[in-house]
Every structure is written in C-alpha cells, then in structure tokens.
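In what comes next, subunit A is part of two complexes: it sits with subunit B in the first one and with subunit C in the second one.
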Partner chain A sequence: MFENILFLSSAVLALSGALGVVFTKNLMHACVLLLATLFGVSGLYAVIGADFLAAAQLVIYAGGVIILMLFAVMLTGGAANNENKFGIDKVAAMGSVKTYIYAGLTVLVMSFTILKILANYMKTFEQGELAPFESTVEKIGTLLVTDHVLAFEISSILLLGALVGAAAIARPRRG
Partner chain B sequence: MVSLSSYLFISFALFVSGLAVMIARKNIIAILLGIELILNSAALNFAAYTRFVNQNLDGHLMSLFIIVIAAAEAAVGLAIVIRFFQIKETIHIDDATQLQA
Partner chain C sequence: MSLSINEYLNQFEAHQQAIAFLSDFLGTDASGIMTFLVFGAACFIIVNIMALVGGLGTYAERKISADIQLRQGPNRVGPYGILQFLADGVKMIMKEDIFPADADKPLFNLAPLLALTGVFATLALVPFSSGFTLVNLNMGVFFLIGVSSLVGVAVFLGGYASNSKWSMLGGMRGASQIISYEVPVTITALMIVLLSGGMSFGAFVETQGGLPHEWYIFHNPFTFIGFFVFFVGMLAETNRAPFDLPEAESELVSGYHTEYTGMRFGLFALAEYIEVFVLCGVGVAAFLGGYKVPFDLGSGALFIDKLGLPVIVGKNIGQVLQVGSFVTKTLAMYYLVIWVRWTFPRIRVDQVMTICWKYLTPLALFNLVGVAIWMYAFDAHSIWEVLGQAFSSGH
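Let's turn to the complex of A and B:
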C-alpha cells in the first residue's frame, strides 16, 4: 500500500517534470522542473530498494548538477540578439513549431524502433518472488573496492580531470 | 503495480522526452538538460533490472557510475557554455559554427 502510493507519486512527479522540461518556454522553469524529475527518479529508486542510489541521486543531482545549471543560466542570461551574422532571423532559442515537429517525428521513429524492433531481441524473464529489502550500502562499498575497483579508480581520475578541465576552460584568457 | 514493465515505461518516457528536448531546443543549456534526462533514464533501467531480474548489485554500481559521469559531463559542458558565452555573447546553438574563436 505505502509502496504503491510512493511509486505513484514519484512516477507522476518524474513524468510531469519531464513533460514540463519539454514544453516550458522558460529556461529557469525548465531547470526547476528537471529538479522535480530528479526527485521523482530518486523516489523510484527508493521504491525498488536502492537506498544508496536514491541518496546519491539527491545529493549529486539536486545538490550539484541543478545548482550548476542554474548558475550557468544566470551567468549567460541577458542580451539575446535574434539575428545571426548574416542578418537572418534565428530559430527561437527555446524552440519553434518547426523544431517541435522535427522532435515529434524523431520521437515517433525512435519509439517504433524501440518498441517494435528492438524489444523483440531484449526479452528477459522476471524472477518470481522478490528478495526482501535490505540495506545496499555495505555491499556497494565492498563491491566498489573489490570487483569494480578499476572503474572506481578511473572515475576518480575522470572527476579530477573534469574539475581541472572545467576550471581551465571557463577561466577568462589573459591579455 | 511496482513491476518491471512500469519501470521500463517510465524510463522510456524519460528517454523520449530527453530526446525531444535535445532536438527541439536551440539553447545549449536546454540541450544539456535533455542529456541529463536521458542519462537518468538509463540509470533507472539499470536499477530496475537489478531489482526485478538478476538481483546482484552490479546494476546499482552502473547507475552510480552513470551519475558520476553525468556530473562530470555537466561540469565540463557548462564550462564550455560559459566560455562560449564570453566569446560570442550568445548561447544559441546555431551560432556555434566555427572551431576557432
């Protein structure tokens, strides 16, 4: 009962947030609606017993990525010119009817490909009874330093590179 | 109600909306939002298969690495966006037409 309520509210939050990101005309609103989607996905993780993932999703996405996005929106706001260097009107920054039609066509083709063609090759079988919930933190910690230690170390190097690279790229050039 | 198919449907909807955002928007930050949606749908799929199909925790670790990579990608992508804005005074994707500033 409680699981179903949590699942339904999280699913509604995630899907409505995603729809809002597609259709809103305001970039700031899109960021906040993406935050709603991420909260919903975190609730969905919690429903299937992925407690560590739910917490990581909240901390990294809601606390990190969205804040970064909002800062980028605020830093790059302001002067918008609607003509390109040839003096031709640009497509509106948040999309026009034409780009939405292109997006709809691509979505149709993609849905057909996934649901009709690829789905036939991706059959899987569900397990009959599900294991009871237990904390996954300890097992994830053990797996990270035993089976997946190479990926763990590579991701640490990746994060260091991203940190230094982002600082180096965004820094204004001297002179 | 909490089943593999419902999770796959939610993940599919997130993927499709991310794809639509990436194609319909002409704003670089909005395109990055679409990429975040797509990465989230992939991570959700990994977690759902872990719960309903094989029940070892490798899928959770894959989701975790996806989250890490998404964070790194967002940091570098937004740094590029800010640098682009410093040079061109715009974040319209159609203005990104030359490699040399």
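Let's turn to the complex of A and C:
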C-alpha cells in the first residue's frame, strides 16, 4: 500500500517533470522541471530499496548539476532573436536530409535489436515480491574496493582529467 | 541504540494495547494506520515547534544584536518584546503582494516554497533524542546534505525570477557559495562517518558519550580542527554573516529577496533561521555528543532500577533529559552563530571563495586523512584513552 503510493507519486512526478521539460519553451523552467524529474527518479530508487542511490541522486543531481545547469543557461544568454527577417518564428532544422536518413536507419536497427532482446522477457512477466529492505551502503562500499576496484579507479582518473582540463582552460594566459 | 518515533513507541505495552483496540474497532490490522497517525502527530509537533524556533530566532537575533551594540532591542510587544515575531508575522501577512514587472511568475512563486521545502525535509532527520526522531535513515548525513542543497536552488531561482540586477547578483553569489562550501562540510562529515562507522545520526551519537571527553570534537586533534571547518562551512551554507554576501545590504540592497514582499519574504527568512537550527543540530550530533546525557541518565535505567518507577515513566524521563541536552547544546551553538554575525565584518566575495577552496577544503582533506591514520595507529581510541594508557604504563 505505502510502497504503491510512493511508487505512483514518484512516477507521476518523474513523468510529468520530463514531459514538462520537453514541452516548455522557457529554458529556465525546463531546468526546474528537470529538478522535479530527478526527485521523482530518486523516489523510484527509494521504492526498490536502493537507498544509497536515492540519496546520491539527490546530492549530485539536485544539489550540484541543476545549479550548474542554471548557471550555464544564464551565462550563455538564451535565445535572443528567434524571428527571421519576415517576422516568422525560426524553426531549427536540426540536420539535413542525409542526417535524417542515417538517424532513421539507426533507430530501426536499434529498435529491432532491443525488441529482440526484450521479447524473451515480455512473455513471462510476473509480479514479484520485493526482498525485505536492508541498507545497501556497506555492500556498495565493499564492492567498490574489491570486485569493481578497476572501474572505480578508472572513473577517478576520468574525473582527474576533467579537473585538469578545467584548470587548463580557466588558467590566466601569461606572456 | 537510536530509534525512530514509531520504533520507540512500539516497545511500550500501552501502545500495543492502543493498536489492538483500534484493530478491534476497525476490524482490520491497525498497526499501519497507527504508524501513520504517530508520524502525522510527530511531524505536526516538530514542524510547529521549528516554525516557532524560526520565529523566536528573529527575536533572538535582534535582542542579542542589541545587547552587543548596547541598545534595547524590541521591548514593546509582550514581556521583553518576546511577541515581536508575531507582530512581524501579522505585518507581513497584511503587506501588499507585489510582483515585479516582467518577473518570471511561476519561478517567483516557487522559490520561497522550495527554500522552505528543502529545510523542512531535513527536519525528518534531526535527532532530538534516542526515541524522538522522525526517521533514523542509515543514509542520514548524505540525505540531509542533498536535500538542504534545495535551498541553494531556491536562492538562485529567487534571484533570477525577480528580474532585478541586485537579486540576480545575490542569487548567483548565493548559489556559488552554497555549492562551494558543500565540499568541505561533506568531507568533514565523512570524518565522523569514519569514526562512528555509520552514516546515520543515530550511529554518530551512539558512539559518543555524555561527558565532553567522550565527544568527537575532543576525540583527537583532527576532529578538533574539523569542528571549526564544519562551523565555518555551516555559516557559509546558511548565508550567515560574515558570509552573507547573497544579501549584502551595503552592495545589493537586500540580495536575492530584494523584490519579495510580505509573507514570501517571510518564508525566506523563516527558512534561513530554521536551517541554522538544523545545521547547528547536525554539528551537535556529529561533534558535541548530540542527545547524550552524562552518566547514562538518558536510557532511564537508573530511574527504573533505583527509584522503582514504571518502565514507561522512567524511559520517558530519560527521553526528556535527552531532548533537553540536545536542544541546550543546539541553542548554545545558535547563540554562537548570532554572536559571530554581530562581531565580524562581512568579507569580500573573492575572499569567500579563497577561504573555501584554498584553506577549508585542503584542511578538511588533511583532517580526513589524519583521522584515518589516527584510527589505524591508535585503534580508534580517543586521545584521552591513549594518554591514559601512556601514563599508566609508566613511561
């Protein structure tokens, strides 16, 4: 009962936020609606018992990424002039005929592949029971420094690279 | 052993009888309904008391600042002017509700609510006592940091949506300051996570003791430095002076809430004062022993065994003592925050970033590594135990 309520409210929040992001014309509003979506997704994680993931979602996305996005939107200035010389709203073409053909073919191939994979699971769909809730922090921590230590270290190198790159770009030019 | 309010009540027979009675009355299993009711009642109490604390916070701020500046402060409304915040509330409700021309209306409405939502969501984790916590999440600190960053979004949106240059500058300063200072505060909290072996506030407090030498602030030199890193970071995260650049009156009129009137402005102010209380509570739980009462009076075992009181009475006396201990320490820290505000001048905006990235963050990292080494070298014993062993072994 309670899990159903939590699931439904999270799902509605995530979906309505996502639809809002797509349909709104204001970039700032899109960012705020994305915040609602991320909260909904965090709620979905909480429903399936992934408490660490839910909290990490809040810390990283709601706290950091959304504010950075708002900053980025503000610093890039937004669409200043979206009318052409006849006073009609410009519609971005987003590609040419060639790119559309490529994209269409890719979508076809990908969707057939995914359908082929999913077909096995679609038939035998049963509603299962969730395992009783237990904390995932210890498990994630242990796995990160034992089985998945390589992935962990590689991602830290990626972050280090990003940090060095940012410092190199922001460095004042001397001489 | 730290319990949420429902787990705490469930250990009493009277509560079980109430559930059984309700089950009989309704004809179904009422334990879920009872849980819901208890949560509802506890939420109602906590939110109302916290709103009162927020209101009295504005009064305390004025009275203490008046004390420091040799003035009277509010002294007309009620005894010693203590009802001043109610008068303020009435005034704010009756103010005209102004939308600036060309303001972004939905976001302008949303920003104060978002600030209040972020702060009230953190109230669920504040460990008032070992039995009076809404929920003892084992993600405690992490969740609290995540949710309270909503306030940063709210400050930024408030600044943006007002369509005013002052607000805009204040909002940008606020957001950049809040996300910057989250780094040292989070690393400092990680230090306590290392020591206590858990991320929940229950684990934080239960591994400390009631007397000062058992608190984490005096556990070893690194945690002692860490407490001050946390305190400075906390001041900056709540936009309190000397880090109140987002609302610097001398430069930005009133910063991100320049254009807000009436109760919308009131919500921002309320959110700020409650957030200060919550973060002081986090500091107390992490460093100053939280709700622990000396000589283990908090568990109530002494009252039950020696005085022969019934279990329910003894335990609840213990709980009241624990709440008293927690609230006293938190309010002392609250006083310190206000004291700092009226003592130090505001620092410049580049100095804010310098303090965060060049001093506090390296210091916090140093502390984290230091605590890890300390735990390895001295097997997680506090400095007093180490010194005591050194002296008693005759060196």
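Simple rule for what comes next: the second predicted complex is superposed on the first by the 114 of 175 C-alpha atoms of A that agree within 3 Å, B and C clash if a C-alpha of one lies under 4 Å from a C-alpha of the other, contacts with A are read in each partner's own complex, and residues count from 1 in each chain.
The rule we apply is simple: a residue touches a chain if its C-beta (ideal position, glycine included) is under 8 Å from a C-beta of that chain, and two chains touch if they have at least 3 such contacts.
Because the structure is predicted, anything quoted here is derived from the model rather than measured.
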item	value
Subunit B versus subunit C, judged by how many residues of subunit A each one touches	B
Which superposed partner A:64 touches (first subunit B, second subunit C, both, neither)	both
Contacts of A:9 with subunit B and subunit C, given as first, second, both or neither	neither
Touching partner for A:56 - first (subunit B), second (subunit C), both, neither	both
Partner chain(s) touched by A:32 [first = subunit B, second = subunit C, both, neither]	second
Touched partner set for A:113, first subunit B, second subunit C, both or neither	neither
Touched partner set for A:19, first subunit B, second subunit C, both or neither	first
Overlap of subunit C and subunit B interfaces on subunit A (superposed complexes)	52, 56-57, 64, 68, 71
Interface residues, subunit A side, partner subunit C - complex	1-2, 26, 28-29, 32, 35, 51-52, 54-59, 62-64, 66-68, 70-71, 74, 135, 137
Parts of subunit A lying in touch with subunit B, wherever the complex brings them together	3-4, 7-8, 11, 14-15, 18-19, 21-22, 27, 30-31, 34, 37-38, 41, 44-45, 47-50, 52-53, 56-57, 60-61, 64-65, 68-69, 71-73, 75-76, 79-81, 84, 90-95, 99-100, 102-104, 106-107, 110-111, 114-115, 124-127, 130-131, 136, 139-140, 143-144, 147-148, 151, 155, 158-159, 161-163, 165-167, 169-170, 172
Residue ranges of subunit B in contact with subunit A within the complex	1-4, 6-7, 10, 12-14, 16-21, 23-27, 29-30, 32-34, 36-37, 40, 43-44, 47-55, 57-58, 60-61, 63-65, 67-76, 78-83, 85-86, 89-92, 94-95
Sites on subunit C touched by subunit A in the complex	32, 104, 106-107, 110, 137-139, 142-143, 145-147, 149-150, 152-153, 156-157, 160, 172, 175-176, 178-179, 182, 199
